[in-house]
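One chain, chain A, appears in both complexes that follow, with chain B as partner in the first and chain C in the second.
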Partner chain A sequence: MVKIIAKNISKYFKKRNGYVIALDDVSLTVESGARFGILGPSGAGKTTFMRIIAGLEVPTKGELYFDDKLVASNNKIIVPPEDRKIGMVFQTWALYPNLTAFDNIAFPLTNMKLSKEEIRKRVEEIAKILDIGHVLDHYPRELSGGQQQRVALARALVKNPSLLLLDEPFSNLDARMRDSARALVKDVQEKLGVTLIIVSHDPADIFSIADNVGVLVKGKLVQVGRPEDVYNNPVTIEVANLIGEINELEGKVTKEGVIVGNLKFPLDKSYKSERVIVGIRPEDVKFTKDLINDENWILVGKGVVKVIGYQGGMFRITVTPLEGSEDEEIVTYMDHPLKRKEEVLIYVKKGSVKIFET
Partner chain B sequence: MKKSAIILVIPTMAFTIILLYLVIWNAVVSFMNWSLLNPKPYFVGLQTYLSVMKQFQFVNSLVHSLELSATLVVVGNVLGILFASLLYFLSSNKVRSVFLSIIIYPLAISMAVDALIWLWLYNIDIGIDWVLVKIGLPKFPWLSSTSTMFPSLILVTIWAYSGLATLFYLAGFMNIDKTIIEAAKLDGAGSFKILRKILLPNSLNSFIISTALLFLFSFRIFSLPYILSGGPTNIFLQTLVVYMYYLFTVEFFSQATAVATIVTLIASIVILPYALVIIRRWIRR
Partner chain C sequence: MRPVIRATLHYLALVVISAIWLIPVYAMLINGFKSNLAVLSTPVLVPPTSFSLSAYHIVFNALERPLLNSLIVVIPTALISTFLGAMGAYFFYTLTYSFSKFLSSLSDFLFSLITLATFIPYQATLIPLTRLVVSMGLLDNYLGIMFAMLIFYIPTGALLMSMFISVVPRSIIEAAKLDGAGDLKIFMKLILPLSLPGFISTLIFIIIEAWNNFFIPLVLVTTPGMRLIPVAVESYTGGYGTIYNETFAAAVIASIIPLAIFIFLGRYFIRGLIALGGGGKGV
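This part shows the complex of A and B:
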């Protein structure tokens, strides 16, 4: 198992006029045997970062270490990808279409000068763990999405890599299969103890697999921490949005609090700028018709129900402030529906309001 | 059928009708005995065919054509795969375009010009032989000896048409998902193994198209043997189409059309199954 250290890695791509900065001075350490997630919107450079770790791309600047060994630095690949002991699952899975599942999984082993029996033993072993033993003589096109993904995972794991890279491995799966696939990846990682890096734009992947997460925005690593900490204390509204659903309201700072239309949010400290963005997670909001006598919930004002939706067994209620700013919306999930155009009281959980200076 | 469908089909229909008219007219003439000696032709059935097939020159040129086609299909495919894989594994797109342009250059210019270039290169005083003499090797007779003439023609044909196979194989390789190749690299496969295990097995379409076209181009080749031999009468470089032209110049019109019909027939027999396979593969997608 290997420890990954990235030091000041930058990557520029040449374009017709000048450069595009894909990664900007990224420094990061992933401990040996850890599960690390890289979260970011599309185009943030997360796949580029993973490809640099894999050795498929060279960093324009900076150094990359595997344990104490320098593998790439300043536009030079020192250890080529095939010698880095990496198993990678691509977003498209990249199975060899002309080979059966067995031969796909065996492919890395055939490059290692092993005996036929040894190869068969190892392929069958990993196939058993991933529950694809019965489809080994099928071609990729004959397999379901979930089976293809497990074949790709088996191919990545069969060579006993020290590092497992997953590039959006679940985005091509049916939504209902994703959770079991995530659980499977985590179980296998725990069993083998391999260092794991997963790249995704879906926070669900990060929460279910990673112990630590780094958030990439426009090529910059803006926040690193445990997923819960990043969720609760995001450094910017962008990060807050990436790691989960959040209500964004534009407000004005006054002595009594942040004013959004007729709503007034409590202030925890003073802010320099006058215009700020108020962020509240849907689970930190409550709409009621009656007053709540609980000091954990703070009344911020009155609103009117705008849209009622239904999602995942809950009613998704959108409320706008009663007066002032009708473009602002607050969303939460409730177990019962409200009527449209109904007036409600808006409560927020104490200490949950996040204020971002613009 | 809709009106728009009919309108769209009209140009193809017109073209097909003209083409078929000529092919059929050609076939009809081949069943007559039209020649300089017979200005008033009439139908003689298969007689013209029988007399053509008995001629030494016909068998000779048929053998030449078949030898040329077989060699070009085999060597062209091998060289196409070789060049395409060398180009594929180049890391720079610019260098790849430069080399590809050079390789398909003979196809871009007229075949007559290609033949003239090689007429110079094969000249025993100023061409390749000049270089051979300079570095102290004996001269090679190329087009000056009856035994090396035909191999020399095959060499020029290979030079001219290998670019075609290269183009189709390269297109086939480039069509394969790049991440599959990257996955193979991460799995520790070298370039040769990637070529053998992944690129080639997934390029069956390229093989079919390049084989079909190499066969067609070489079987109905005319400019190269015509110009390299300096006319249609050199029996050592006579291919079927050159022989057909020869019969025409000496005004054996029906015999010429009989040879033309035989060429069309052989080409159709070889190409039709290929065409059907290709069309079926495209439809199945």
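This part shows the complex of A and C:
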């Protein structure tokens, strides 16, 4: 398996009036056999970064190593994509529409001078692992989305790559299929031990597959870490938002705490700026009518129920502070509904409030 | 406007345009069945009172050889120019997407040059072309005519195929590259099958263009036995007089093959054009 080292990689695209910066000085190491996720909003340069690793794009500046071998540097491809031992699943899967599933999966092997029996054996082996043995004589258009995705995965894995790249591989699947597809990818990766890099804008992909995640925002790698750590200690409100739902409130720093309307959030340290953004995950908020006698939960003030929704067996409750701007909203999920316009007490979990300087 | 009126006007316009196209074809068909006297004495759009096949009979005997000559020259020419044109188009496509800015600009420049070349009138190249063919010893030879036609139709094929190839999703070509396939394999296994409707459209277009090409066979053929069909048909309007019913019959016979190709392969022609707009889904 292979260790990927990116050193100060930048990518500029030429546009009519100047340059567009797609990647800005990205440095990153992915250990051999690791599962690494790249999270970012659309247009952040995720796909560009993955294409540079694959060799489909050349970095304008910086160097890319596979183990200690330089594969691309400063506008030059040194090792072409076909020699990098990469399996890639494209966002659109990019199956060859004129070939059957079998021929699709066999395609990389036909470029390797293997005997027909050897090719058949290896295709059937991988098809069995991915449970597509019964559709090998079908054309891609005759397959369901999930089957197409598994054919694409089989095609990427059949050549025993050192590195598996997944570019938003689940975005074309319906929600029900996604979980099993994610589990499958993780299982297969564990079985084969291949280094894996997955690009996604969906934190669920990252949490279910990756051990480490790098967050790209506007071409910059802003945070790298374990997904839980990034979730709990995001460096900016943008990162916090990318990796999971979060309540965003604009507050004012005072000696007693951060003030948002009539709400007062505790301060853990002092901040330079006066205006800050308070971030709280929905699971760290409770709305009640009565006082809670638990020192883990801190009362921050009173609010009014604004919207009640129902989602996945839970009630999604939106509350605004009793006083102050109507635009400030706090959301949480509860197992029982509240009444609209009802006054409630807002509690937050101790140590869960994230404060971001603007 | 009400939908009914709109649709009626729509169809009326289509009928008028079709009629304008069909009237000459109709005249060509019926006048071949008249006797020479009747062609001269009756209005051109009035059908013959007595059908006579004699004009067709005479003309077919005379045109048998030119028809065969045309087939021998045009079919290989069209196949070769479409195939080589497609290869050329793919070559320029890969250059355009190469990482080197120099190569992609060079490719744009060369391709523009080729495109421009397809607009050069044959007449302007007549003398150098003839001298070239003569010096190759290919005057009055099938190979000579084919060679001259290929000079003009390979760029046409490249130009048309470049439009069809650019519709093939780029990610498919990238996937094949990552799978270790070389450019020839990508072309033969993926590009060609995926742009097949476009390939057939281009083929039909070149067959018809080459079939109707008058100047190249006129100049490069010196003996009557080697004449191609457009030149043979033209010889019916002579300097001293014209036998009209035979001229009409000759015109019908000369257009049968392109017409038949269009009728049988026309749907591929349309499908190819549709593929251009539908993201390559015409397959």
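The rule is simple: the second predicted complex is superposed on the first by the 358 of 358 C-alpha atoms of A that agree within 3 Å, B and C clash if a C-alpha of one lies under 4 Å from a C-alpha of the other, contacts with A are read in each partner's own complex, and residues count from 1 in each chain.
As a convention for this text, a contact is a pair of C-beta atoms (placed from the backbone, for glycine too) under 8 Å apart; a residue touches a chain by one contact, two chains touch by 3 or more.
Here the structure is a predicted model, which means the values were calculated and not measured.
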* To do: Could you tell me whether chain B and chain C fit or clash when both sit on chain A in the superposition?
  => clash
* To do: Figure out whether A:Ile86 sits in contact with chain B (first) or chain C (second), or with both, or with neither.
  => both
* Asked: Touch check for A:Thr358: first (chain B), second (chain C), both, or neither?
  -> neither
* Asked: Once the shared chain is lined up, is A:Leu56 touching chain B (first), chain C (second), both, or neither of them?
  -> both
* Asked: Is A:Pro108 in contact with chain B, with chain C, with both, or with neither (first, second, both, neither)?
  -> both
* To do: Scan A:Pro97 for contacts with chain B and chain C and give back first, second, both or neither.
  => both
* To do: Based on the superposed arrangement, let me know which partner A:Ile77 touches: chain B (first), chain C (second), both, or neither?
  => second
* With the two structures laid over each other on chain A, which partner does A:Asn160 touch: chain B (first), chain C (second), both, or neither? -> neither
* Structure fact -> Footprint intersection on chain A (chain B / chain C) at 54-56, 81-82, 86-88, 90-92, 94-99, 107-108, 111-112, 155, 159
* **Partner chain C, residues of chain A touching it in the complex** => 54-56, 58, 75, 77, 81-82, 86-88, 90-92, 94-99, 107-108, 111-112, 155, 159
* To do: Could you pull out which chain A residues touch chain B in their complex?
  => 54-56, 81-82, 86-88, 90-92, 94-99, 107-108, 111-112, 155, 159
* What residues of chain C sit close enough to touch chain A in their complex? -> 99, 169, 171-172, 174-182, 185, 189-190, 193-194, 283
* To do: Could you please specify the touching residues of chain B with respect to chain A in the complex?
  => 177, 179-180, 182-190, 193, 197-198, 201-202
